[in-house]
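In what follows, chain A forms one complex with chain B and a second complex with chain C.
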Partner chain A sequence: MGELVPRYEGRCWKFPANIPTDALVKSRYVFDPMDEIVKHVLEDYNPRFPLEVQPGDIVVAGHHFGQSSGRAIAAKALKATGIGCVVSNAFSRTFFRNCFEIGLPSLEIPDATDIVEDGDHLVVDIAQGFFRNETSGVERHVAPASPFLLRMLAAGGLINLTQSDPDWASTANT
Partner chain B sequence: MNLVEKILARASGQESVKAGDVVVANVDRLVMHDLSAYLTGKVYDERIGKDLPYPDRVVTVFDHHFSPPTEQQADVLNRNRAWTKKRGTQLFDCGSGNIHNVLMQNGLALPGQIVVGSDSHTPVHGAVGAFAVALGNDSHAGTVMPFGKAWFRVPELIQIELTGELQPGTTPRDVALWLVGQLGEGSVIYKALEFTGPFITSLGIWDRWLFPVLCVDLGAKCGYVEPDDVTREFIEALPGGRLDLLLNGDGDPVEDVRRFDVGVVPPTVAAPPTVGNVHPVDELVGTPLQWAELGGHGGGRLEDFLLAARVLRGRRIHPDVKLNLVPGSREVFRQALELGLVADLHEAGGTWFPPSTGSNQTANMGAMSEGRR
Partner chain C sequence: MGKTFAVKALERASGVTGLVPGQIVDAYPALYMSHTATWRCIKTWERMGEPELFDKDRIAMVMDHISPAQTSKIAGDHRLSREFRDKMGIKHFFDVNAGIAHVVLMEHGLVKPGDLIIGTDSHSTIYGALGALGTGVGFSEITAAWVTGKLWMKVPQSMKVIVQGPLPEGVYPKDVMLKLIGDLTADGATYYSVEFHGSWVESLSTSERMTLCNLAMEAGAKNAFVPPDAETMRYLAEHGVDLDTVEPLVSDPDAVFDRVIELDGTALEPQIAVPHNVDNVVPISQVVGTKVDQVFIGSCANAKYDDLAIAARYLKGNRIADGVRLVVTPASADIMAKAAADGIVTTLIQAGALITNPGCGACAGSGGAMADGEVTLSTANRNFRGRMGSYESSIYLSSPAVAAASAITGVITDPSRVLAPV
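Right, the complex of A and B next:
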């Protein structure tokens, strides 16, 4: 199993509340190759994002991010932009699940969009449940994800975990 | 334990589970539509590739493309057909109906079962007391297909208690939409919702259907109605309808109960852009419309065509309006034929479409131009 590097540092891209998965990958692109899909991620909310996003950048989105369709390709496309991790005030249930399952680190901070601006320098520690805005000095501590989900991230996603660890099912609640 | 906890405990081989536990449970049914089946099958072939141990648990329904508009989409359906044949899974091809309606009508979502699917409206099967949840494709490809299992976090429960009598001119759909306005979109993320109270128990299964189908808009993980005699009678009449897995919750007190009187609900409309934008119909009367459709995950029921025919029989729709009628399944269309509803709504100016999920994602029924509604 891989080693989880749970700490991410990068530049903030801030997005509003209630963004549906269709804004991450529109229905008309779902059958296209990923290098085409990533050119359109979140373009309706910020056309600069897919053009200017840099490896390690951090997306901070408002309440109910990734709502509506549970298509995993939405989380895969966001990961494929090269961002380090994604933070939301509250993720939609299926998007939260898909993030861990496809190996995109994520953390919920209930007032995240109130304490960041575009371009702020952020530090996020998934395993500790720690968030710091280096630009403003504001910090937050939250409960970290369950050990099972952290193992999933460390393995690089659910399929890697279940294909490499024969005890994945019996150890899920530990 | 409540119903969800009892189903998850049994399916994970434990005496009891509680909210917050992570369990790995045996899954009874995986249902996918044309889009999710393609993406999931591709992941499965690339990453796993072995034979499925339980192919009969996997069902695919082509409901987004009853007649694919492009070669690319036709090719996706052909790849799906080849995949289901190779893997031995069940397929309902174009024209069968809406994914969830087809599953229910064919006795493939039963009380006490665990039903999963990529479609965000999968929780609708809680209408008969199944634990029904939308998962992502990697759960389906990585654990449901190769192991017959999935991981779940046991959700906290909120009871939604509905009492009182409807005002004349209101229907259970008005109550369901009004409820989204009352609770708020994305207001109960990760929770299980139990719909209960005398109003709910007075409804048939296809009207109960209208409540858990809205879980995705509320943010809930799942929703259900405790199975009762109405459930038993409905399930026994289905092909393959079985009650041997049926469970009921123990009736333990629930901390978070939200009580509503349906007697105050007005005829209600959910306007664009999302289901949470609900208004009393009085506020919107006179708004010009060009496009109307009875269809989708919640709207192609026999009940919808009965209501429409009651209003439109012997009358004509406005010449500026296009009324599309999309039965949720072949069974719905057959019953609509027998009851004379097909002729009534045809004469009124409506256009019948093949059983499918209608204009969902505008894959198939044509696009609307800017400014039309």
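Right, the complex of A and C next:
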């Protein structure tokens, strides 16, 4: 099981509300290799994003992020861009589950898009539920991700966790 | 402070008390449903090394989305599922002749009040019609539940929807839900447990409550819920459930609802979801006269017995318009048999309907495709672009009454103009 460092620091890429999974992976790229898919992630919203995103950058998107199809490849593609984590005012339910299923750290901040601008420098700690915009100094404290979900992230998803850690049954409800 | 239904149901399924919304908990569902894509779950289970199953009697499989098989690939998927059934002794297995999973499970007494039920289908919210907590999950999540018996759940906030009735003639639960989805928008209830309350809701049949709970998903709900009552017990007893084993859960009178919405149905017009989003809802008067090429009466939202009976009421003695295809896909084999015995099937055929085998049918893209530029009026729950054939076609959503009336005229029609109030 890999070590999870639940703290991320990087450039903010800001996106609007209601972005569907189709904008993360368009239907016509769904069956392409990931190194091709990743060239087109969110390009309709910001063509610079897939070209310029750097490892550890942080995506901040408005509410209902990841709506529409529950396809897990959408979260995989966003992770494959190299971002450290994704923050949204509110995720669609299936996208939220898929983030943990495939190992993409995520955090909900109810007013996230009100307190960042594209290009700001952000610090996010999902284990502490801590968010800080280093550019503006604005901070938020929210409920941290549960220890169970953090372990699932570190394991790389639910099936891996089930296989790698036979004792996990005793841990989630503590 | 009182507890909501969702908190109580997850406390029961997890064995953990004092849950609060937002908390993550491992819960043990009473039933894990997988549909036509059961083969995906089996393949994952094989990759895991075919571990022992937690409780094979909590596994339910229904071959509903593509039935009968249209390709040899799908026939192979079905065969893999049957082989798994035989090898592992899965008793709740329903083959291609059974109908739509959600309706089939309720008809076979597998859904009980207070149960947590997970399914590989977003419309698993429908189980709230019998007072259960039903919610959609992924294929690998179902596989994990087969093996470990449990799945992580986030405790939802709750929303109370109070509907004032009675509804005008020609207006049905589907119209109430389309109005609600239009008002809330497609994410207005995201991650909420949506409870339906009020004297109108209490007056509904279990079948009508299924329409409410099914469509709550289109506003983003995690689950939906109608408080179980005498009607619930009647349905359960009729479908073979031992009522002594039933322990319903309801929200406490002082439970905290994060949102309360009141919807006045007494002056509601029929509602239509226009292309290409379910929350793109208008009163029928704004789209009356829109030409339709195909009318589809089907899906887990609106192809139950009462839906077919309503359609037959409008179609009896009438003939569908020239150039219109009317496709009727009963939700289940039991519903189809009852509709056949009561003469409803004959009425629909005489009006010009094409009756297909029970199942998901055209709603899931199995038959009933459209060519470029065509329009379907559908009683289903989704109208996303390209869902029924061409990307250049359009889907409108309505009640079965609007669908039947529009099949007769060939254009979107207010049903009250086809049949005088009785």
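In this text, the second predicted complex is superposed on the first by the 170 of 174 C-alpha atoms of A that agree within 3 Å, B and C clash if a C-alpha of one lies under 4 Å from a C-alpha of the other, contacts with A are read in each partner's own complex, and residues count from 1 in each chain.
Criterion: a contact is a pair of C-beta atoms (placed from the backbone, for glycine too) under 8 Å apart; a residue touches a chain by one contact, two chains touch by 3 or more.
From a predicted model like this one, the values you see are computed outputs, not experimental measurements.
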Fit or clash between chain C and chain B when superposed on chain A: clash
First, second, both or neither for A:135, with chain B first and chain C second: neither
First, second, both or neither for A:31, with chain B first and chain C second: first
Chain B versus chain C as contact partner of A:46, first or second or both or neither: neither
First (chain B), second (chain C), both or neither touched by A:143: second
Which superposed partner A:90 touches (first chain B, second chain C, both, neither): both
Partner chain in contact with A:158 - chain B first, chain C second, else both or neither: both
Contacts of A:73 with chain B and chain C, given as first, second, both or neither: first
Doubly contacted residues of chain A, that is, touched by chain B and again by chain C: 18, 63-64, 67-68, 70, 72, 90, 92-94, 97-98, 101, 146, 148, 157-159, 162-163, 168-169, 172-173
Chain A residues within the chain C interface of the complex: 18, 63-64, 67-68, 70, 72, 90, 92-94, 96-98, 100-101, 143, 146, 148-149, 152, 157-159, 162-163, 168-169, 172-173
Contacting residues of chain B [partner chain A, same complex]: 21-24, 35-36, 38-39, 43, 47-48, 72, 76, 118-120, 134-139, 141-143, 146-147, 149, 151, 153, 185-186, 189-190, 216, 219-221, 274, 361-363
Residue numbers on chain A that touch chain B, as the complex places them: 18, 27, 30-31, 63-64, 67-73, 75, 90-94, 97-98, 101-102, 146, 148, 157-159, 162-163, 168-170, 172-173
In the complex, chain C residues that touch chain A: 14-16, 22-26, 44, 48-49, 122, 136-138, 140-141, 143-144, 147-148, 150, 152, 154, 186-187, 190-191, 220, 222, 384
